[in-house]
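Before anything else, here is the set of structures, which you'll find just below.
The following pair of complexes shares a single chain, subunit A, combined with subunit B in the former and subunit C in the latter.
On to the complex of A and B.
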């Protein structure tokens, strides 16, 4: 059973509020995110990479087709159960790290575990451990506003790993970082796959980063072509 | 910021309501203490002692009221004036003396005429000047005939009601009743409790008595005060409206920022309902704490308003060299518990409504759109 499997995914958007016209962004896409492997999707801006990633994570629904997460079809679940499935099995990393601004780095990392219903004392140790592992031990009590771009992204990675998800979905995780920080984040993510056996589905513009992954797909003309 | 906004809105409403109440109460108190009393009783059979024995009656005084033309024989200036003559020392009454002060000369004996400072200044009268007074009294052959008397000025008073001061003088009851008789005598009553029950008790003692309440006596002014009160509520309604718009905009701005947070929480595994509950809860907490802050600061401001006005007056005086009217208008800002509760409830419901509307927007927003917007 694959951590995530996309079957015949088509996504169309309405071109106006009244729904008079539609454009197709993704057309009949099949993709399997393999266990313990990294998969990158590359493509031009506006080609639908982020949309595909969000559909894979159950953040958006396809117009046609289905997304299986650990064999469960997202569309068969109500919002509550879909959210719970996302919480337990998928970790997200976004380009705009999207941390909770009023909370400290530690509290941000703990958030997914608290949402899943774990006790604070239970999840604090793991959050501290993760932050230490990523070199953020002296930034735990800092709010996002006091962290650098690289540090924020590392906090976001810690948060994505908090519930020990099987798959990490990363949308341009190095897009907003300088070269040095970008290289650091790339290494961290690829190590997660190698050392911890997690799956990574990555959307990026960065060809070098993409080709370090086990599988590379090019999203072009609404379809997916395997490049590596 | 929303919390502070709610608090400031509430403070503004509470303080303005309290000031308006204070001004109106002060005006009504002056009226009741000097001009119309709580009740005026016209009765052929009742005397002040009988009325004072009625429950909830504080004090009662017999008095006669008439108009006269006064001419200062020294300066030869004249003025038409209302003369009030009390049987009994109303100047010792706490309520009367609260609003009227004898500032020079004497009211004792009332062998002379007690005039206001306003009248003294207008006519250029001095203490112990001889005043010629012309009354109209009932004649034997004609209905009314003029009658003149000479009285010295025995003192001067001042009151906080300029209209009253400029048109009223006091003299001895026995002298005035000796001139115009006691046919027109009435009884002034200060009520210490329920006015309605006092009226009923007086009427039960003398069914033929005529009881005039202060509201009836000052009908025109009372209507004006009621109109003023209505306008005050209209004014407050506009303030509410302004606060509503501000509250709506602030909540909208806050919840727009919260949309990103909501999308993030949903990406982390929160359901739509949970996110909605979190933001509604936050809105509720902000509203409650904003209201608590508003009520505390508002009540402190209201309690210390006179000191604050004095401070402002002193600052204005230090800067411009002239005093403001702020401290010259005597009033005690006050707001009742029911009024406070009504204002709080209104603001609370408003903020809750706008939070709810904002949360609906977050509830309906698509995570992907919000995340993509936040990314670019």
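On to the complex of A and C.
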């Protein structure tokens, strides 16, 4: 059973509010995110990479086809169960770090565990451990407004790992970082796959980063081609 | 409660801004409402007491039954919780001074009439100079004395309005032996007291004489028992029967105050819903993030509800506390305002004991809680349309 499996995914968008015309972004795509492997999707801007990642994470629904997460079809679940599946099995990292501005770094990291119902005392140690591992031990009580871009992205990575998800979905995770920070984040994500046996589905423009992954796909003409 | 819901709610509540102003606004709306309730209830009760103790008694029994009732009262006194039963003869008169005229009710009472309970409602300033003439004494109110421009020891003429239309009007001269003040000018203006024997001479008709009964303070609710015990339902009346317009004004005023307060509370409760709606609008990004990391819509709604509802309840408690604090100190506040020369206060009773209308306060609080509960929940339905995709479409 694959952590995430996309079966015959097609995604169309309406070109007007009235729904008179449609544009196809993804056409009949099959993809398996393999356990303990990193998979990168590259392609031009507007080719539908992010859309594919959103569909893979159950954030958006396909026009046709289905997405299986641990063998469960996202579309068969109600809001409560779909949210729980996302909470426990998928970690998200985006270009914009998307942290809660009122929460400290530590609270942001703990958030997925708290949502799943764990008490603060049960998850604080792991959150602290993750922040320390990513060099943020002296930034734990800082709110995102007091952190640099690189630090925020590392907090977002910690948050994505908090519930020990099987798969990490990352959309341009280094896109907003300078070269030094970008290299750090790349290394961190790839190490996670190697050391902790997690799966990574990466969407990026960065060819160098993409080709460090185990599998590389090119999204072109609404379809996927395996490059590596 | 889900630990994240608790943390997120706490963050919102402690964040200065919309919720803080909601708390302050609810407190500021409720405090004057509670204060107004205490003021109106206390004053109405105070005025009612003035009418009962000085004008009509709790119960009045027609003088025709005087003999039989008088003998009964002694026996039944303990059983019926009667505090006092006094024979009173009353009638109307025009009072003339050298400069002015006033229409008054003359109450003929015995010395024992002003018992401890009545003396709590009235103060007397008495003439210490002994009378050297046969002119009878009268006690008039400070308001009447002011109107007639007379003082203790002065003489005034009374034009007795006869109880029998066939009798002729006749003037009598009386000397002002006492000036009283009950604190409520509207009642004082009408009242004057003379000796009952003299009153009987002036108003000889039997219907002018009644027995005023006071029930013991702790047994007010047993007035009906008193009425039924005498078996004279048709010849017994209460203070409200004698002062129908005053009584009905009280009832109507009380109802109107309550309706207005309820409407204000309804508006305040709907305001909390609009605060909830605005909070969701402000927190769209956070809601989308929280849903992205795995929160269900139910958790999001719960957290938003707890934040706004907690603030509403806190505002309510603060408002009630503030209202009670001011309400319980209304006496000194009104006295102070009166000393500043607020003329409108002369129409009110300024000296009254504070009555806290717990039931009305409870109704208002319950209304606020229920309406805000429902309206906040309804306004939070729209969190459902905020999906994590909102983060990417707005970026």
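Operating definition for what follows: the second predicted complex is superposed on the first by the 228 of 228 C-alpha atoms of A that agree within 3 Å, B and C clash if a C-alpha of one lies under 4 Å from a C-alpha of the other, contacts with A are read in each partner's own complex, and residues count from 1 in each chain.
The definition used in the following text is that contacts are C-beta pairs under 8 Å (C-beta built on N, C-alpha and C of every residue); 3 or more make two chains touch, one makes a residue touch a chain.
If you're wondering where the values come from, they're calculated on a predicted model, not measured in any experiment.
**Q** Once the two structures are overlaid on subunit A, check if subunit B and subunit C clash or fit side by side.
**A** Aligned through their shared chain, the two binders clash on subunit A.
**Q** Looking at A:107 after the superposition, I want to know if it touches subunit B, subunit C, both of them or none. Which is it: first, second, both, neither?
**A** second
**Q** Is A:118 touching anything from subunit B or subunit C once the two structures are fitted on A? First, second, both or neither.
**A** The second partner, subunit C, only.
**Q** What is the contact status of A:79 with respect to subunit B (first) and subunit C (second): first, second, both, or neither?
**A** both
**Q** By the touch definition at the top of the document, which applies to A:63: first (subunit B), second (subunit C), both, or neither?
**A** Neither partner.
**Q** Looking at the overlay, what does A:172 touch: subunit B (first), subunit C (second), both, or neither?
**A** first
**Q** Applying the touch criterion given at the start, work out whether A:50 contacts subunit B, subunit C, both or neither, answering first, second, both or neither.
**A** In the superposition, A:50 contacts both subunit B and subunit C.
**Q** One more residue to check, A:206. First (subunit B), second (subunit C), both or neither?
**A** Neither partner.
**Q** Quick one: which of 224-232, 242-250, 260-268 or 314-322 on subunit B sits on top of subunit C after the fit?
**A** It is 260-268.
**Q** Quick check on the output: what are the common subunit A residues between the subunit B footprint and the subunit C footprint?
**A** After superposing on chain A, subunit A residues 50, 54, 59-60, 79-80, 83-84, 86-88, 92, 94, 96, 98-101, 111-112, 115-116, 159, 163 contact both subunit B and subunit C.
**Q** Can you list the residues on subunit B that touch subunit A in the complex?
**A** Residues in contact with subunit A: 260-261, 263-274, 366-368, 371-372, 374-375.
**Q** Hey, which residues of subunit A end up touching subunit C in the complex?
**A** 50, 54, 59-60, 79-80, 83-84, 86-88, 92, 94, 96, 98-103, 107, 111-112, 114-120, 159, 163
**Q** Spell out the residues on subunit A that touch subunit B in their complex, using ranges where they run on.
**A** 50-51, 54, 57, 59-60, 79-80, 83-84, 86-88, 92, 94-96, 98-101, 111-112, 115-116, 159, 163, 171-172, 175
**Q** With touch defined as at the start, can you tell me which subunit C residues reach subunit A in the complex?
**A** Against subunit A, subunit C makes touches at 2-4, 7, 11-12, 15, 286, 289-299, 387-389, 391-392, 395.
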